[in-house]
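Structure incoming, see below.
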Amino acid sequence: MSKAFAVIAGVGPGTGASCARRFASAYPVALLARSPENYEGLVQEINKSGGKAIGISTDVSSEDSVKSAFKKISDEFGGGACAAAVFNASGRFARKPFLEMSVQDFRGSWEVSVQGAVIFSQAALPHLLKHAEDKSAKYPPTLIFTGATASVKANAQMSGFAAPKFALKALSTSLAKEFAPKGVHVAHAVIDGVIDIPRTKDWLKDMPPEAKISADDIAESYWNLHTQSKRCFTNDIDIRPMLEKW
Amino acid sequence: MSKAFAVIAGVGPGTGASCARRFASAYPVALLARSPENYEGLVQEINKSGGKAIGISTDVSSEDSVKSAFKKISDEFGGGACAAAVFNASGRFARKPFLEMSVQDFRGSWEVSVQGAVIFSQAALPHLLKHAEDKSAKYPPTLIFTGATASVKANAQMSGFAAPKFALKALSTSLAKEFAPKGVHVAHAVIDGVIDIPRTKDWLKDMPPEAKISADDIAESYWNLHTQSKRCFTNDIDIRPMLEKW
Amino acid sequence: MSKAFAVIAGVGPGTGASCARRFASAYPVALLARSPENYEGLVQEINKSGGKAIGISTDVSSEDSVKSAFKKISDEFGGGACAAAVFNASGRFARKPFLEMSVQDFRGSWEVSVQGAVIFSQAALPHLLKHAEDKSAKYPPTLIFTGATASVKANAQMSGFAAPKFALKALSTSLAKEFAPKGVHVAHAVIDGVIDIPRTKDWLKDMPPEAKISADDIAESYWNLHTQSKRCFTNDIDIRPMLEKW
Amino acid sequence: MSKAFAVIAGVGPGTGASCARRFASAYPVALLARSPENYEGLVQEINKSGGKAIGISTDVSSEDSVKSAFKKISDEFGGGACAAAVFNASGRFARKPFLEMSVQDFRGSWEVSVQGAVIFSQAALPHLLKHAEDKSAKYPPTLIFTGATASVKANAQMSGFAAPKFALKALSTSLAKEFAPKGVHVAHAVIDGVIDIPRTKDWLKDMPPEAKISADDIAESYWNLHTQSKRCFTNDIDIRPMLEKW
C-alpha cells in the first residue's frame, strides 16, 4: 500500500476521533495519543469498517517520540506522502490566580500545545511536501491546527492556556505563509464553545443540543478545508454552536 | 413550486455567477444585479441545464428596489423560505489621495457596500427565518457576506474601500450573534487576492494559475459554509490563492 | 495672532470639553458642536481663564457647514496652521433588533460618525500639513479620532453603532499610513467603558469611581499622543477604567 | 530609603537603557540583564547624575535567578513597593526556514520571551500590589511588556519569534484583566520598526532619522502609560516611526 496517509495527533473522544473517522474514509490514518486507550477502540472500529488505521503511543512534546512515530507510520503505510495532518493536542491547564500558577504548569501547557505543534509539523511537513509533488493527488496536502476561544481572547487567570494558544495561531499563520507557495495548505480553527463529548455531558445540561459543538461536524469542516483547491485556501476559520454567546 | 430559494446579490462574472451556479444545483436561485447583462446569460444557462433561475435588475442601495425584488422572488418561487442569501455587491472605488477623494465617492461606495448589505439583509432575513422553522430543511439557512483584504487591512489611499468593508464585517458579526440563536447562520468571507475573471485576465500574467483565486472554488467554500450544521457554525473565513503574499 | 490652533469636533460635556480645556493650555481652540449650548459656557470659561476659544455651530455631516467652520477658524485665528484636530463626534444610536432598525437610522449614524470624520479630516488636513512644515513647531500635528468598544467588537443589535465605528477605525489607519510620511500623526482611541459625565451619573451607581472613565484623563492621554515625536508615533490606544470587565 | 522602586528587565543599549534613565528621574531603579556590561555604565551614569540605580546580573528565564534579583532589590531599596516594572527582554532568533529551525532554538526563544515574562511578573506583582495599597502613591503601579511587529503579525520563517511574541501579548492581556481590579496597570507595547541603537546604525542608512524609532521616546511613552490614572488605563499601544511602512 503506497497511498498517502493522514495523521491525527491528539486523539481523544472528541475532535481527534471524529477526524480519524472522517479522514479514514479516504486515507489510511495514523492516530497519535499518549495513552493507547485513547485510540485502541477507534483503530479497531476503523479497521473493521473497511478503513485502515494504526495507533501509536506518542508524546508530542518529545522530538524522539514523534520521530519514532513517523518512522513507524512510514514503515506501516509505505510511500511516505501525507495528505492531511491534524494537530489536535493541547496541554492541560486549570484556571487559577496567576500568582498561584507554577512556572512548571505554564511550561507544561506550552510544551504540548506549542513545542508539540512545532515538533509534529517538522515531522509531518516533509511528508506533506512529498504529497504536494504528487500530480495525481486529489487535494492539496493539508496541515490543520485546532485552536480555542483562548487563541484570540486572553481572559483573567487563563494565561497558562491563552499564551500557548495565541502562540499556536502565530505558528499556523507563519507556516501557512511559508508552505503555501510549496503547495501545502495550512489552516487554524478557533473552536469557540463546548464540544459535546462524554467529559462535558453534564455541562449546559439545561440547554438544547445546539448549545454544544458536534465533534463530527468539526471533522467535516476540517475535511472541507482539506478539499479546497490551490486556488482557494482558507487559513483561518472559527467554529461555534448556534447557541453560543460570543 | 414551494421549495426554498437562494438569492445572490451582486452577480457579475466572478463570485456571484459561480455562487449562482453552485446554489442552483440545490435551489431555485434569484440573481440580483443592477445591469441585466450581468445575469441574463447566466439565467438562461441555469434554466437550460435543469436548474431554475430568475434575474432581477436591482439597486441594492435602494430599499424600494430591493423590496420590489424580494416581492418578485416570492411571487415567482412561492413559499417564501430562503435557504441561502449571498451578498456579493461592492461599491466602486479607486485608490486615490485622500484629499482628492470626493465625499460623494466615499458615500457612494458605502451606500452599496454597507447600506446595501443592511437593506438586503433586512429583506432576506424574514425569509431565512421562515426556513429556520422548516424542520424538513436539510441545512440551516445561511446569509453570507463577501469581504476583501480591505475588510481587515486599511491601507493608505484606500479609506473609501476599507471603511465600508470594515463596516460590513461588523454588520456580519452583529447579525451572526443576533440571528444564530434563531437558527440563521451568518458568515463573512475575506477574499484576499485577485479573483480570476475576464477583467483581471492581464493581471499577474507571468504567474501560474495558482496566483489567482478561482471563483468556482469560492462558491464551493460558500456552499460548504451553507452545509454546516447548527452545532458547527463558522462565522469567519479567509480565502486566498496558494501564491498570495500576505 | 498667528499661532497654530487646535480644533475639537463633537464638543459635549465629556471628552470634547476636557480636550478643549487641555489643548487650550497650549493653543487657541475652536470648538465645533451642532448646538451652541454645548460650547458656550466652555468658550467663556477658557477665555476667562487666560486661554483663547471660539465656538462654531457645525453639522459635521455637512461639507458646507464644516468648510464654513474652518473658514471662520482661519479668519479668527489667522495663520492657518493646525496643531491638533480631535474628532469626537458620534452618531446617535439605540440598541434595537436589526429588523426594527430603519435604514434611515443606520444612515444617520454613519453620516455623523464616518462621513463626518471624512469631511472633518479633509478640512483639517491642509492645516495640519501646514503645521508639519513649520520647523519651529514643538510637536508634530496630530489628528485624533475617538472610538468606542464597538470599534473592535460588534455585538448583537448594535450594527448601527458598530459598523460606523469599525469604519472610523479603518479611516484612521488609512490616514495614519498616508499622512505620517508627511509629518501628520493620526491616532485612534478605543474608549472602552462608561465616561463619567452628567448623563451617566446614575449608571454604575453602586460602584466606586474607578468603574468609570475620567474625561479629563482621556484628554490627558490625547495630549500625550500629541506630544509624541516623529520618531515615536502611537496610532492606536485603548482606554478603560480600572474596574472595567473586558 | 523606603521609596517605591522601578525595575527594568532586559536592559541593553536601547529601550531598556532609556527606560532606566526615564524612570530613574522618579524612582530608584533596578536594572536586570544577563551581562553586567549591559548595565554597568548606565548604573554609574544614573548614580552620578543624582538618581539611584543598581544593576543585577539576571537570567530572566530562571526562577531562582529572578527571585534572587528581587531579594537583592528589596534589600537594597527597602520597603518593597514597586511603582513600575518593565519587561523588555526578548529571546534571540534568526529568520530561517522552519525545517531548519531546531526545537532547541524555538524553545530558547520562548524561555526568555514568555517563561521569562511569567517569572518576572510573578516576582514583580507582589511588589506592585504593595504599591497599589499605598494611598500616597502618585501613580498606579505599572507593569509594561515590550512587544514587536511579530506580536500581531506572524510572517514566514519567523515562527520562532512570532509565537513567543503572540504569547507575551496574551499574557499581558490576561494579567491586565486579573490585576486591574487590584489597582495594577498592565500594558503592552507593539514596537513596530527599527529602534535607533548602535547595532542598527547601518540599517536604513539612506533614510532620514524619522525612519527609526527613538528609544528615549519609547521610554517617554512608557512613562506616560505609568502616569495614567485608575480611571484611564491604556492596555495596548503601538509605536512606529513617522516613515514606517505598515
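Just so it is clear, A, B, C and D label the chains in written order, and each chain counts residues from 1 on its own.
Here is the rule we go by: a residue touches a chain if its C-beta (ideal position, glycine included) is under 8 Å from a C-beta of that chain, and two chains touch if they have at least 3 such contacts.
Keep in mind that what you see is a predicted model, and the values were worked out from it rather than measured.
**Q** State which chains count as neighbours of chain C and simultaneously of chain D.
**A** Chains that touch both chain C and chain D, as defined above, do not exist here.
**Q** Return the chain whose centre of C-alpha atoms lies at maximal distance from the corresponding centre of chain C.
**A** Farthest chain from chain C, going by C-alpha centroids: A.
**Q** How many angstrom lie between the CA centroids of chain B and chain D, rounded to a whole number?
**A** Going by mean C-alpha positions, chain B sits 46 Å from chain D.
**Q** Please compute the C-alpha centroid of chain B, do the same for chain C, then give the distance between them in whole Å.
**A** 35
**Q** Check each residue of chain C and list the ones that touch at least two other chains.
**A** 177
**Q** Line, ring, star, complete or other: which one describes how these chains touch?
**A** Looks like a ring, each chain touching just two neighbours.
**Q** What's the complete list of touching chain pairs for this entry?
**A** A-B, A-D, B-C, C-D
**Q** Where on chain B does chain A make contact in their complex?
**A** 140, 177, 180-181, 183, 185, 196, 209-210, 212-214, 217-218, 220-221, 224, 228-246
**Q** Please output the residues of chain C touching chain B within their complex, sorted ascending.
**A** 63, 97-99, 101, 103, 106-107, 110, 114-115, 118-119, 121-122, 125-126, 150, 154-159, 162-175, 177-179
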